[in-house]
Amino acid sequence: MKKIINDPATVVADALRGMELAHADLLDVQYDPAVVVRVDAPVPRKVAVVSGGGSGHEPLHAGFVGRGMLDAACPGAVFTSPTPDQVLAAVQRTNGGAGALLIVKNYTGDVLNFETAAELAAAEGIEVRSVVVDDDVAVKDSLHTAGRRGVGGTVLLEKIVGAAAERGVDLDGCEALARKVAGQVRSMGLALAPCTVPHAGEPSFTLADDEMELGIGIHGEPGRQRVPVRPADSLVPALLDPILGDLPFGAGDRVLLFTNGMGGTPLLELYLAHGIAERLLAERGITVRRRLVGPYITSLEMQGMSLTLLKLDDELVELWDAPVRTAALRWGL
Amino acid sequence: MKKIINDPATVVADALRGMELAHADLLDVQYDPAVVVRVDAPVPRKVAVVSGGGSGHEPLHAGFVGRGMLDAACPGAVFTSPTPDQVLAAVQRTNGGAGALLIVKNYTGDVLNFETAAELAAAEGIEVRSVVVDDDVAVKDSLHTAGRRGVGGTVLLEKIVGAAAERGVDLDGCEALARKVAGQVRSMGLALAPCTVPHAGEPSFTLADDEMELGIGIHGEPGRQRVPVRPADSLVPALLDPILGDLPFGAGDRVLLFTNGMGGTPLLELYLAHGIAERLLAERGITVRRRLVGPYITSLEMQGMSLTLLKLDDELVELWDAPVRTAALRWGL
Amino acid sequence: MGCTAERVAEALRAVARVVAEHREELVRLDREIGDGDHGENLNRGFTALVSKLDGDVPGTPGAVLKSAATTLISVVGGAAGPLYGTAFLRAATSVGDAAELDAGAVAGALRAALEGVVARGKAAVGDKTMVDALTPAVAAASSVAATGGDVAGVLAAAAEAAEQGAESTVPLVARKGRASYLGERSAGHLDPGARSTALLLRTLAGSAR
Amino acid sequence: MGCTAERVAEALRAVARVVAEHREELVRLDREIGDGDHGENLNRGFTALVSKLDGDVPGTPGAVLKSAATTLISVVGGAAGPLYGTAFLRAATSVGDAAELDAGAVAGALRAALEGVVARGKAAVGDKTMVDALTPAVAAASSVAATGGDVAGVLAAAAEAAEQGAESTVPLVARKGRASYLGERSAGHLDPGARSTALLLRTLAGSAR
């Protein structure tokens, strides 16, 4: 394992130290328990938008802390959901009197830890709501699974709900908006090469030279299908078709297309894939009104990509365009 | 080789198509010869700031086209400097009557092709100046080399000179500023794992499981020294010390610290390394006034990083802070 | 002799050693059908618990179990943190403030732990989780306790049953937790949480001898 | 018989075939001490040149050479584009608008090409570049031409000398181009540009027979 780290056990805290120095104008870092909060928290009378999850997906979530997006992020150990202490501390630090909305990716660990934190916060008299994101169409949502995973849709939801909270929308409104976004966003990913978790020291999975993993998760969890590698022209539909069929998306829909890199895939390839996806959507009569291209929800150095499609209406377009000022997404400010 | 591409021969044009769709609000793409120009080019009476180089270093340069930075970028084939036709077309498309400044990374191919383009533009009566960036301290600048390579300093120079041009600084002023920045910026990089050029199909070099390449270039050119991998605490000084000793930088200096990822290194590791570099600079009495952390000048999926240090004064700080609106760097707009 | 606070603390220290020894094995099992952190997570939690016990051992078995619960909840994270944390919390509640635990109390604590895990995680036997190890362990413990066995006997039976229960997860297709994403491909692998549960109970049994 | 425009065009088509055949070899050589694109770059350029010649073959050898020059300059990029482009441009100028080239004209064109490469790239013999192949080639060509050799003889001598010159780059430490960044580590490798120059001249010689 080759990594720019000192000790696998301290890697998250060590990285937070660099983040704190790099973005002192945007965020404050607290180490025990680990919480990243926007520098002007708590913002009086604003709903606190709080998220978090295992580390190793940067810039998610800490890179989205700041005006117009998250009030706080709780970075767990690498690929390990944060503890209730972290989430509770985040809520305490950012609650400006209007309560807190917790954005939770649908993994058993995340759901359980955020659930406990929500109970603890409620016991302190802080009003808390939770919204679970489960946009990964690669996973069957059935009695036979833990349900769909939360992946790329999380980034879009955090941006949009963050914009609403910044405008003063109340907790009910933020929660309803979050559920609306979660309900109309779908994603799917693939991996060409695995990542290596620092404390594990070995790749999370192995792929033959001509294989890729279709439906990969963002924790190096194996996907549902291992298939031969193929040209981009046939690989992009392998991600897009299951997404389109799921919601479903259809002719006349207006969407945000998010072409995400898993961490180790060059931007050149992401743009190439993005171009193909736009063409395929146009062929189906779907209008791409907004786009995001880049590595925003990653899996360490994994090579691969994911596509996320969000059905838009004017409200969502306007909130997407609203000013945001974070380490990883910034416009209008 | 596993890549999200169709045909190695068309990879650059295919990626440009995606870029054009993703950033239609920022840039226009022309395909033959390949040139990416800001959407409102030419800007009357503004110096046109033009750069370019081989592709595979994204977001450099096309990701920096837009208000406050580049007027045009010329993307060559992967790792191959662009042709004079491209550069000439870029100058023609962006010249607003105040002439053009060409920002050239110091590689034989880039220097020769831009040189020819400058002659052709001059023959058309367009005033053109060229500034060569050669900030890589890993290469000895002597009669026995092609001189130092242009690496991370290019990003900073493009931002700062772009800001000056946007404010209406004339060609003489832009050229002088570019030379000033080039004179006080230094960089060095390392690789933990190689990249694979699409048309080559095999990794550009091989490293043993416990080796890294110190002083790597951004084209997978082997570095000057192959050394055992080490913890971040001793790896960061291996990059920083040669930089500090070179200009030299010393106590009392104010600097911009740019911690750059080579494309395949997780942001987590970059922040970790950034934190160490900031600590080392503080120990030496050097004040970090601005920072940039992320993959901004990459080498496809290469794993590794580079550090760039720019000596700042108030003029440079102000130009760095000036608004910029490009695909990859954006603030204030 | 019943089980004092000091002995419970000793047993948990032993668990920490065993978890450390098996850290890599648990990571490997989790890498196969999960995300490769189970051993690391538990090791982080039990290491923190040992530090806490080194500072101060609470006065009753219940208080020791409660201290373990809060430490695991606040340090482990992931699925295992809340699940093991809840297990210890319910066990602590079940034993109340008794100064020593007899066989019945231990069996009751195990049952409470299982109920806690099920309440939080909603898994049933056959879902390929720690519940597949804990459920037969509770049944075995109860029957030994009901037939007059001592604490060591109860825990030995629980450990034995948990090991078999863990092994039984190998052919199963996961329906809960991260492994469920794999569908059919999860079959053929030992569930890491079931394995850690078996390790934990085997260590407790060893400490009780 | 002298060298007509048609024969020059034929020779360049042959060069394109040889470059395509050696594309991977040149990429590999460039990967070892450069950035792995030399074969790809030349192949792109000569492929474009063949397309252009398929459309229309200019009327004089000089015009064919000039067409090659502008195509290489506008398609190849990298170091090789301007260097080979300048070589062909200077060669074109040197032969003027003669309808056929004799041995002296060919030797003179080669000398002009070398001068162009040196003017652009500033490399000297021993710097481990294409100059190491081209310089001895020009000397050999001149002496054959001076002693009454024909075009085929001139080019055969040039090819022979270029091949030896290319081989001579193996032990050298590069002082120009990308390989110079490697310092001592560049020794022990054949320079890709010297190799392509030798291939080109050998092909021209073959076409002239």
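A few points about this structure:
A, B, C and D are the chain letters, set down in written order, and residue numbers restart from 1 in every chain.
As a convention for this text, a contact is a pair of C-beta atoms (placed from the backbone, for glycine too) under 8 Å apart; a residue touches a chain by one contact, two chains touch by 3 or more.
Nothing here was measured: the structure is a model prediction, and the numbers come from that model.
Within the contact network of the assembly, the step distance from chain B to chain C comes to 2.
Chain geometry summary: the mean Cα position of chain A and that of chain D are 54 Å apart. Here the CA centre of chain A is 29 Å from the CA centre of chain B. One inter-chain figure worth recording: chain B and chain D are separated by 32 Å, centre to centre, where each centre is the mean of the chain's CA atoms. Annotation for chain A: residues 78 touch two or more other chains.
Taken as a contact graph, with one node per protein chain and an edge wherever two chains touch, the assembly forms an open path, each chain linked only to its neighbours along a line. Pairs of chains meeting the touch criterion are A-B, A-C, B-D.
Per the touch definition, chain B reaches chain A in the complex via residues 2-7, 11-12, 14-22, 55-56, 58-59, 63, 78, 192-193, 209, 212, 229, 231-233, 235, 259, 263-276, 278, 288, 291, 293, 295, 298, 300-301, 303, 305, 330-333. Within the complex formed with chain A, the chain C residues making contact are 27, 31, 33-37, 40-41, 44, 73-83, 120-121, 173, 175-178, 180-183, 185.
Across the interface of their complex, chain C is touched by residues 9, 33, 54, 76-85, 107-109, 112-113, 115-116, 138-140, 143-146, 149, 197, 199-200, 202, 204-205, 217, 219-222, 224 of chain A.
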